[in-house]
Amino acid sequence: MAKIDYTADEMMTIAAARLLRDRQVCFVGIGLPSAAANLARLTHAPNIVLIYESGTIGTRPDVLPLSIGDGILADTADTVVSVPEMFHYWLQSGRIDIGFLGAAQVDKYGNINTTVIGDYHQPSVRLPGAGGAPEIATSSRDILIIIRHTPRAFVEKVDFITSVGLLDATTDRRALGIPGNGPAAIITDLGILKPDPKTRELVLSSLHPEVTIDQVKKATGWPLGVVADLPMTEPPNADELRVLRDLNHRSSQSNQKAVA
Amino acid sequence: MAKIDYTADEMMTIAAARLLRDRQVCFVGIGLPSAAANLARLTHAPNIVLIYESGTIGTRPDVLPLSIGDGILADTADTVVSVPEMFHYWLQSGRIDIGFLGAAQVDKYGNINTTVIGDYHQPSVRLPGAGGAPEIATSSRDILIIIRHTPRAFVEKVDFITSVGLLDATTDRRALGIPGNGPAAIITDLGILKPDPKTRELVLSSLHPEVTIDQVKKATGWPLGVVADLPMTEPPNADELRVLRDLNHRSSQSNQKAVA
Amino acid sequence: MAELTSLKQAVSELIRDGDSLAMEGFTHLIPSAAGHEIVRQHKTDLTLIRMTPDLIYDQLIGMGCARKMVFSWGGNPGVGSLYRFRDAIENGWPRALEIEEHSHAGMANAYVAGASNLPFAVLRGYRGSGLPQVNPRIKFIDCPFTGEKLAAVAAIRPDVAVVHAQKADRRGNVLLWGIVGVQKEAVLAAKRSIVTVEEIVDDLGAPPNAVVLPSWVISAVCAVPGGAYPSYAHGYYGRDNNFYKAWEAISRTRDGFRAWMDRHVIGTGDFAEFRRSLIKA
Amino acid sequence: MAELTSLKQAVSELIRDGDSLAMEGFTHLIPSAAGHEIVRQHKTDLTLIRMTPDLIYDQLIGMGCARKMVFSWGGNPGVGSLYRFRDAIENGWPRALEIEEHSHAGMANAYVAGASNLPFAVLRGYRGSGLPQVNPRIKFIDCPFTGEKLAAVAAIRPDVAVVHAQKADRRGNVLLWGIVGVQKEAVLAAKRSIVTVEEIVDDLGAPPNAVVLPSWVISAVCAVPGGAYPSYAHGYYGRDNNFYKAWEAISRTRDGFRAWMDRHVIGTGDFAEFRRSLIKA
């Protein structure tokens, strides 16, 4: 079989898509999570229910939305509800299987920062803020996070916990009365991290092809643990790549269309 | 001018309708309040906004609905909202000028009972209960009550306060944190009662034509006060009667239509 | 995902003796056919939840199916009393009926809390009313910002919600419109749900922002054309106000009520047969 | 009753220096034309409230109109940073900007409380997040029934709400559809409100249960076709994603931003002229 070329971002998106199951109800962040969730829908999970916080439920966009509220999401949804209803009846109600998030910073307990770099009141970089993530992170049954692997992104301790992951070594989410399980996996362009069941620390649990453990450790801001018998991520197959590339091609064409 | 014949119920409905002003926002109970409010809309208050608790806002039924949720209310409304939205955004929000209620029992402070006759736990008569009235009575700026005048209906003290009026001689509504002013007038088939500004007790404030003060006192379950220089209610004019009778005629025709 | 099934099967599989049951419909879209089927299947010890219990709850109470009712207005809309309900409360016939009584605002909020997975809801309500004294599921709390006292109501989380709607598609997505009451909240607050519909279509053709219940929040969808009679289904048929008026006489006496139920409900196999038996009568 | 008026007049009469201002729109139906008019009229000391402040708030902040922002996500949707917002926070340019920061769930609840005339709302939220430590308008309370700890957010009650919608009728009733965000809540929570619309029609033709704002809850309705550009109006025109991408370069430097604003906003009389000046550029 001929070797198939693909990019690290493609591997990341495909690896993430594979973690979703058919008929799951998935609350989807914009950007990388949206790409992975729609790839899952267009491949092995045709009946996955995709929900975007803008109010669109059961949406089936044929191109990836640029924003969380693009018209295509409303046009192809089973229904569109108001934003308050979305957070009350659909997220908080506990109906979401998977909350699928991006992040600016993640720490070794899977806590997410999208608020500030530096001090909250004197930030060196002001990030966009929370959006829906704090409640997606606590109300969904499980959380997936997709993020490119750099030392700036993977830090020992986030500067600000915008959306809680697994807290720290001493406090359990349940003690805070949080219903969901929290991060099940962090999918990056280098591999997949999962929380160690005992320590809750994220450890390298799958390595993407042609990536070395050392490379992942260098891109991680804490001494990264590695699971025993580290598996290698299955490389993208031809079908996954074709569907993803078609989707990306359609999307970039559509987003470049000028508006009168 | 020839004398115009009319019934006591017609006088009551017409007297009540006259208390509504054009462009007011009126939250309307079914039955007598609905008849009076629609009469006002079809005569001197064409831009009155009528709201029914079933969710219909700005409705203009051409026949009187039998139930609070008849289709005609939805068909002729500016919009139809869910029942939770109705109570949150439209009633509780403080947008209602006039809450227009019926009642089974009213006492001398305008408190309303629609719950039980007798003891709550061992009632001699179980009435339908509260419906929207407890919050209509507190969230509307002013309350009008329309009810036929009988000793059973007008009691010294209601068996159960379903919806608060002016409480009693000692406690002010404001002390309970109630925003609205409470009952402004009780319109009956004999006259109009209004609260005395000092004692808060309902006193006879207008007497319908051909009714005697003694007749009203006999129909009232407490020693009824009478305002000085008691005015007589203006009798129905030909236009009011014609519009009301047309409305009642259309309504009874419509409600008798058989459904396949 | 909702299963498309018969009403008989849905009631048999999804409603259990002792369940708390919210059959909603604010005058419009009342699930009458489902109510009859529950009577036919002799479900018992039910807690009946509904803002505006009317004829179908009068029937369930009179047939002895209920041990408790949670409600905010229990009458025959536009007509008067519910005699079977009154007989249960006033005389304990055919069995005593426990009640939990709200205002509409309070009960709508309790459903919203249930649908939102909150243990309670806050409202500017019940002030001056006697209801909080007789219903322990109403309390007062202080606003943590202003100190203001506000009412709190405990969430309603029924075991089963039953509603009627205009349409479902073949995947089991449901569309309703017109006076939509608290049906969405009742379904979302419940553990299981049954939706009867006027028709099942290929495409819902739902307008933007319509009231749609996605298939994956519903347990069973059952086609029962006319299933809201004598209530109405906007766009399909009108309310039979005469039937509501006739119910006054039918339900006034125990014997008259039982004879009517035996003949038209127990004695018929389904709602279509019930309708035919009414026309013959 | 809403007055049908020009946007210039509505902004002049209804928005005052120092007002708290909620210009809502969740990616869709963003009131861009109204934002420009506020800049042109040099309104100042505003508290800008919005769940998803984007280009128009970046413009108002960069032009020095704002003293505070209340928000839950402040970015260029699908593109990245808002540089004028960042410059104000990180460097105090052109003036320091106070912030009050929420999550979407928290802020949506705060609007609902405002629209409902409640001082606060309850949600299952903010647990584990650092936001309650930096925002005193988030607290935790105990459920009076279960003892469970839940978040409470103080209500948002803006002085003025500004939204864009698809249609109004001649009486000033407004219809919007598609992604409707928190626009209804913002208008109902506010003391005054301005609605710009794509067109004014004889009959709204609203589908049942559509999102309609009755005339009597709105202060002014202004016809501004295209007034949501570069955002979109469902059924009228699409989102100009290229403009959002271009904003990255326009807004990155203070000088570049000010030059662009001078030329295209300050230097034009209204939104139609702005659109023509963009096409020429």
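Going by the order they are written in, the chains are A, B, C and D; count residues from 1 in each one.
Keep this in mind: a residue touches a chain if its C-beta (ideal position, glycine included) is under 8 Å from a C-beta of that chain, and two chains touch if they have at least 3 such contacts.
Please read these numbers as outputs of a predicted model, since none were measured by experiment.
Student: Please name the chain that ends up farthest from chain B once chain centres are defined by their CA atoms averaged.
Tutor: A
Student: Count the touching C-beta pairs: is B-C or A-C ahead?
Tutor: Of B-C and A-C, more C-beta pairs in contact link B-C.
Student: So how far apart, in whole Å, are chain A and chain B when each is placed at the average of its C-alpha atoms?
Tutor: That pair's centroid distance is 57 Å.
Student: In whole angstrom, how far does the Cα centroid of chain B sit from the Cα centroid of chain C?
Tutor: Centre-to-centre distance between chain B and chain C: 28 Å.
Student: Per the centroid of Cα atoms for each chain, what is the distance between chain A and chain C, given in Å?
Tutor: Measuring from centre to centre gives 41 Å for this pair.
Student: Could you tell me which residues belong to chain A and also touch two or more other chains?
Tutor: Touching at least two other chains: 74, 80, 82, 88, 92, 139.
Student: Can you list the chain D residues in contact with two or more other chains?
Tutor: 112, 117-118, 123-124, 148, 178, 180, 184-185, 208-211, 234
Student: Dump the list of chain pairs that touch, please.
Tutor: Here the touching chain pairs work out to A-C, A-D, B-C, B-D, C-D.
Student: Would you tell me which residues of chain A are touching chain C in their complex?
Tutor: Interface residues on the chain A side: 23, 25, 47, 49, 57-58, 74, 78-82, 88-89, 92-95, 139.
Student: So in the complex, which bits of chain D are touching chain A?
Tutor: Residues 26-28, 51-52, 71-75, 77-79, 81-82, 85-86, 89-90, 101-106, 108-109, 111-112, 123-131, 134, 148-149, 178-182, 184-185, 211, 229-230, 232, 234, 237-244 of chain D touch chain A in their complex.
Student: Can you list the residues on chain A that touch chain D in the complex?
Tutor: Those residues of chain A that touch chain D are 30-31, 53-56, 65-71, 73-74, 80, 82-84, 86-88, 91-92, 111, 115, 120-121, 123-126, 128-135, 137-139, 160-164, 167, 173, 176-179, 255-260.
Student: Per the contact definition, I'd like the list of chain D residues that touch chain B in the complex.
Tutor: The contact residues of chain D facing chain B are 1, 112, 115-118, 173, 184-185, 188, 206, 208-210, 212, 214, 216-217.
Student: Which of the residues in chain D end up touching chain C in this complex?
Tutor: Contacts found on chain D: 117-124, 137, 139, 141, 143-146, 148, 150, 152, 154, 177-178, 180, 207-211, 234.
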